[in-house]
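Chain nomenclature is as follows: A, B and C, assigned in order of appearance, with residue numbering initiated at 1 for each chain independently.
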Amino acid sequence: MAVFYRRLPRFEYLLPKTLEEALSALKNQKGSAKVFAGGTDLIPQLKRREIPTPKCVIDLKGISGLDKITYDDGSRLTIGSLATISALAQSPIVLQHFPSLFQAASSIGSPQVRNRGTFAGNICTAVPSADSAPALLTLEANVKIKGPKKERTVPISKFFTGPRMTVLKPDEILLEISVPKPAPASRGVYLKLSPRHSMDLAIVGVAVLGVSENGVCKDVKIALGAVAPTPIRAPMAEAMLKGQRITSALIDEAARNAITQCSPIDDHRASQEYRCDMVYAMTRRALNQVFAQ
Amino acid sequence: MEEYSVIGKRVPRFDSREKVMGQGKYAADYSMPGMLWCKVARAPLPHARILNIDTSRAERMPGVKAVVTGKDFGGWTWGFMANTRDEPPLAVDKVRYLHEGVAGVAAIDEDIAEEACELIKVDYEELPGVFDPEEAMKEGAPIIHDYRPNNVSVDYHWNFGDVEKAFADSYIVREDRFKTGKVIVGFLEPPASLAYYDPTGYITVRAAKQSPYFHYRHLAACFNLPLNRVRVIQPLIGGGFGGTKNDSVAGDFCAVMLSKMTGKPVKFVYTMDEVLTTCRRRHNMIVYNKMGMTRDGLLTAIESRVVANGGAYTAIGPLAMYLAGFATTLPYKLPNFKYDCYRMFTNNPVSAAMRGHGITHTRFACEIHMEMMAEELGIDPVEIRMRNAIDNPKRGEVYRTINDVSLKTCGLKEAIKAAVEDPLWSEKEKRPKKAGPVSYGVGLSGTSYLGGARQLGHQSCGAIVRICEDGSVNLLTGATDCGQGSDTVLTMIVAEELGLKYDDVQLQRVDTAYTPVDPGSYGSRVTALAGQATQKAAQDAKKQLVEAGAKAWNVTPEEIEIRNSVVYLKKNPDKKMSFEKLAKIASYEGSGAVILGRGYSGYGIEPLDFMTGTGNGGTGYSFTAQTVGLGVDMETGKTDVTDFTIAHDCGRPLHPISVESQNEGGAVQGLGQAIYEEFVMDKGKTFNDSFLDYKMPRSTDSPDIKVIDIITDDPDGPYGAKEASEGSHVSAPPAVVSAIHDATGIWFKELPVTPEKIVKALKEKGRWLK
Amino acid sequence: MEQIRLNVNGKDYELQVKPSATLLDVIREDLALTGTKEGCGVGECGACTVIMEGKAVNACIVLAIEANGKSITTIEGLADGEKLHPIQEAFVEIGGLQCGFCTPGMILSTKVLLDKNKTPTDQEIRKGLEGNFCRCTGYTKIVESVKVAAQKMRG
């Protein structure tokens, strides 16, 4: 029977006051609990019956100290797992030192969604088009995860394992995303392509972080979203540019190469052919913006 | 030209205060004690025979009070015409579209009702389905309705003049295939109602209906009650735009039946994905258009063959197909016209009415076709239109088209002039054509839409103006404001006729127990027809008041005037009294008369002729010329639409704020259809059933819009008014496509023109990323 | 059922709610404040926008229990008795509404926008309202209303 649900399914609600309480609750629920922060992905999923209804939901917002955005000693940005996307988008530090993160944050959803949603939640939901991911990949961020027994740090490049799949185990909680400050004179962009100007998912998302000196590419990182089972880097395209004199022909070649590293699907939002074409067009655009003289 | 006191003024909308304060109540805002919640259970297959329904487990669930299935409605079906009543409230023997309703549950909580739906067990025999209208036409296609074994829901074949000869004599003839997309009205308020079936046999319903009298007749027929025992009360309505809120939905019938079964009030509210998947949507049509022109670009003939996707039931299909054809002879002079149309049944949700009903599809095809041919002839888009446009008839004269559509006013040429004199068009050569990857373009369209639509069936349209003893005034009208602003216009008319201030008039929203019948809000008929009824009712009330005043002052009624709530002698304005005083005199002195003004719309036009396409579809026709400014990113195909200028001939704007708003909103809704909106479906399943993926324009997608009024003072409209609700919805898509052509050099013949389609076309021409 | 306390439009309420009840359900049904509307129910249309702890949120995807102890403003809390807030006045004067269903959410998003940015550009207004869908007006008179409201609020 097909039913269009207007109400949420029944579940219990826990509001742990400490991280230990949260981890303990997770463990006790033996996989039948879901943690959440903003709920902007979880609540709609539950309402639409897209995922099996958990026995209980664990609200992390009762744990203090997890919502900070800090830039101590100017060497790394630490984004607490409860820091909202709005907080990121409104942070002068993020705007100044991590512009691609600022662009990514501003492109997500709407003000209402950004006021509740988190970057942590965005990467944990792990849809291939997650807007936070490409910029974080180019910045080589690290994800700190805490389990019942220990803490571990996972580089973002290893975090995603498949569509809506990450290395996060059912009894673990994401604590923070830490983003090293990029090399001086770096430029970073995140370009999101979608049919409308608001509210859409990315058809293709491209992040580029690059440094050049005297017209030579010293370093470049290229990351793509929505064109593979996970957000990905494009290492071969990067290799074509590193150490080379930057010309529009070379940028063009690298952008074309980026297509070979992605494997988009045909779906109701776009065809495979269009996505591939847009990988080329948008990577080229992003590289041109970053290496503009 | 008359100077009006209230008409034409920028007064605030009648209901603005209650809306901005959040006090106004919509259907879902109502509750009653002891109320149950209704949920509709739906089929998981697009085409299947229903073998058995077992509701026992659902009925046994604690909190569930009743379950209803298709059989409980006793074989009753409904439809637009007597011979097309093919739609049951819930599927009975067969399911014909995915998620068609098969049962309804009433429970003490909505959660319980939802869970109970899962417990209803239905045995189906799946049948092969057909989902494309041209596939449905083929020999051997699955039959959806036994009474239409060839799946043709509606077909018309009209012929005016001699198209064959005209084509043979033409300098240039083009044949092209155009396609409009699968789009939906997109109201923000999902259908909802609160129903109570009193055991004495009396139904009371508060429902989100933009034409409540349709619903009241449906309920009377369905539940075998006389009309005087069916009461539909209209709350505020969160958007109509035609279609769903003109028809009745499964939830409506279930709620009333469940109330009958339980003796309790029953409420239902649809979800938005339910709306996008199961509710009425616009017909999507394929238009095979053939057009001929002389060397000078004058139209010689149009032959349109239209195939429409009708979905699973007939609904208002007969009207849709009539409207798609009859106005092809507007807004340009056309000496020969042939129209063949086929509305095909398919296993899809039902296609019905939407703003710009019918005309949208063929006007899109003909506008683009005309520009394509003008390009071939080397005639510019303004010139081609000016050469062909119907002239504004002189006062007292009537222009008749070849299929006997008659016009007393036509402001098209003025509208085109105004639109192209506006800097968006006139200064387009001064602006850069390119900036980085973006190519800029400006487009134009010239279109028409009918107002004052009438149907085949009941046309009765009445109004009552009641003067209370203290001079305050109620307007009782059957007309429905679904957001378009009709309450404001009708109130203004009463104030104008009675000589009162706008704020002195109170409008009573539709309550079929008390308000006189009116067909409803569709076909841009409310200002024209309910407006006339209201005007007459107010004039009748004024006559009674002035007669009483004349007696009191010992003068003749003709010597008395009322302005700004003051009653005075025309020849000696110092002899005066307040309107309140006059009302008291009329109410209390003399025979103790109750002052009730009655009026009805008597616009006599011939009934619609579906079979030959001859005659008028409405009482008047608006004309719109629109320009569009946009930029196409030639690398991604993404289009930024930045400016609209809309020159609209609605005769005379009675409430300028509403006229502007309707033009702006209609055009943006048309923009959605032109480049953003499309249901992606396969085998009857809708893949983009959310606001995220069914892409309606947001604030950041919408252009700056300028509206220019073209005044033609139509003699057939109240105060000269014609329609101002649908014209810009028809003018937007062709103007956008014309602008995309200007920017890219490519003609697009299929809506929506998405970024992906633009890139594909550029690639085919070897022009992508060069 | 869980016990929660909400401060809505300046008034404190003690309520018993299901964990799975949304803030929207509770506002509309338990508190009978029906000015906040449900459109899409999944945070995509903004019809259910309320201001919670000074920020605009979609009440349909906030659990009521998450709002425990928080202060919330709904559309009913904006006017001062019968006196309209300047934003409400502007929407009435300019006609920034038609069917009115998006209006409560639109006005509250406008309030958050103007409280932060007293002189928004057209672009900033459109971006600030990108979470609030309107089908009727084409947004033109909404943007105009916001500009007039900003003027009124600047005094």
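As a convention for this text, a contact is a pair of C-beta atoms (placed from the backbone, for glycine too) under 8 Å apart; a residue touches a chain by one contact, two chains touch by 3 or more.
Quick caveat, the model's predicted, so the values are computed rather than measured.
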Exercise for review: Among all other chains, pick the one whose mean CA position is farthest from the mean CA position of chain B.
Suggested key: A
Study note, to complete from the structure: Highest contact count belongs to the pair B-C
Exercise for review: Could you tell me the distance, in whole angstrom, between the mean C-alpha positions of chain A and chain C?
Suggested key: 29
Revision key, fill the gap. Expressed in whole Å, how far the mean CA point of chain A lies from that of chain B is 43
Practice item. Please list all residues of chain C that touch 2 or more other chains. Key: 20, 38, 41-42, 44, 127, 130, 132
Exercise for review: Among the residues of chain A, pick out those that touch two or more other chains and give their numbers.
Suggested key: 6-7, 10, 48, 197-199
Review point. Counting only residues that touch at least 2 other chains, which ones in chain B make the list?
Key: 111, 269, 271, 691-692, 697-700
**Study point:** Contact set on chain A toward chain B in their complex
**Key:** 1-7, 10, 48, 193, 195-201, 267-271, 273-274, 277-278, 280-282, 284-285
Review point. Where on chain B is chain A touching in the complex?
Key: 39, 41-44, 98-99, 102, 110-111, 114, 117-118, 120-122, 269-271, 273-274, 277, 437, 635-636, 638, 640, 675-676, 680, 687-688, 691-693, 695, 697-701, 754-756, 759-760, 763, 768-769
Study note, to complete from the structure: Within the complex, chain A is touched by chain C residues 2, 18-22, 25, 38, 41-44, 46, 49, 55-58, 61-63, 65-66, 109, 112, 127-128, 130-132
Point to revise | Touch list for chain C against partner chain B, complex | key: 20, 28-29, 32-42, 44-45, 47, 74-76, 78-79, 84, 88, 91-95, 97-104, 107, 122, 125-127, 129-130, 132-143
Revision key, fill the gap. Contacts from chain B onto chain C in the complex sit at residues 10, 12-13, 15-17, 19-26, 28-29, 31, 111, 185-190, 236-241, 269, 271-272, 482-485, 657-658, 660-662, 664-669, 690-692, 696-700, 702, 704-705
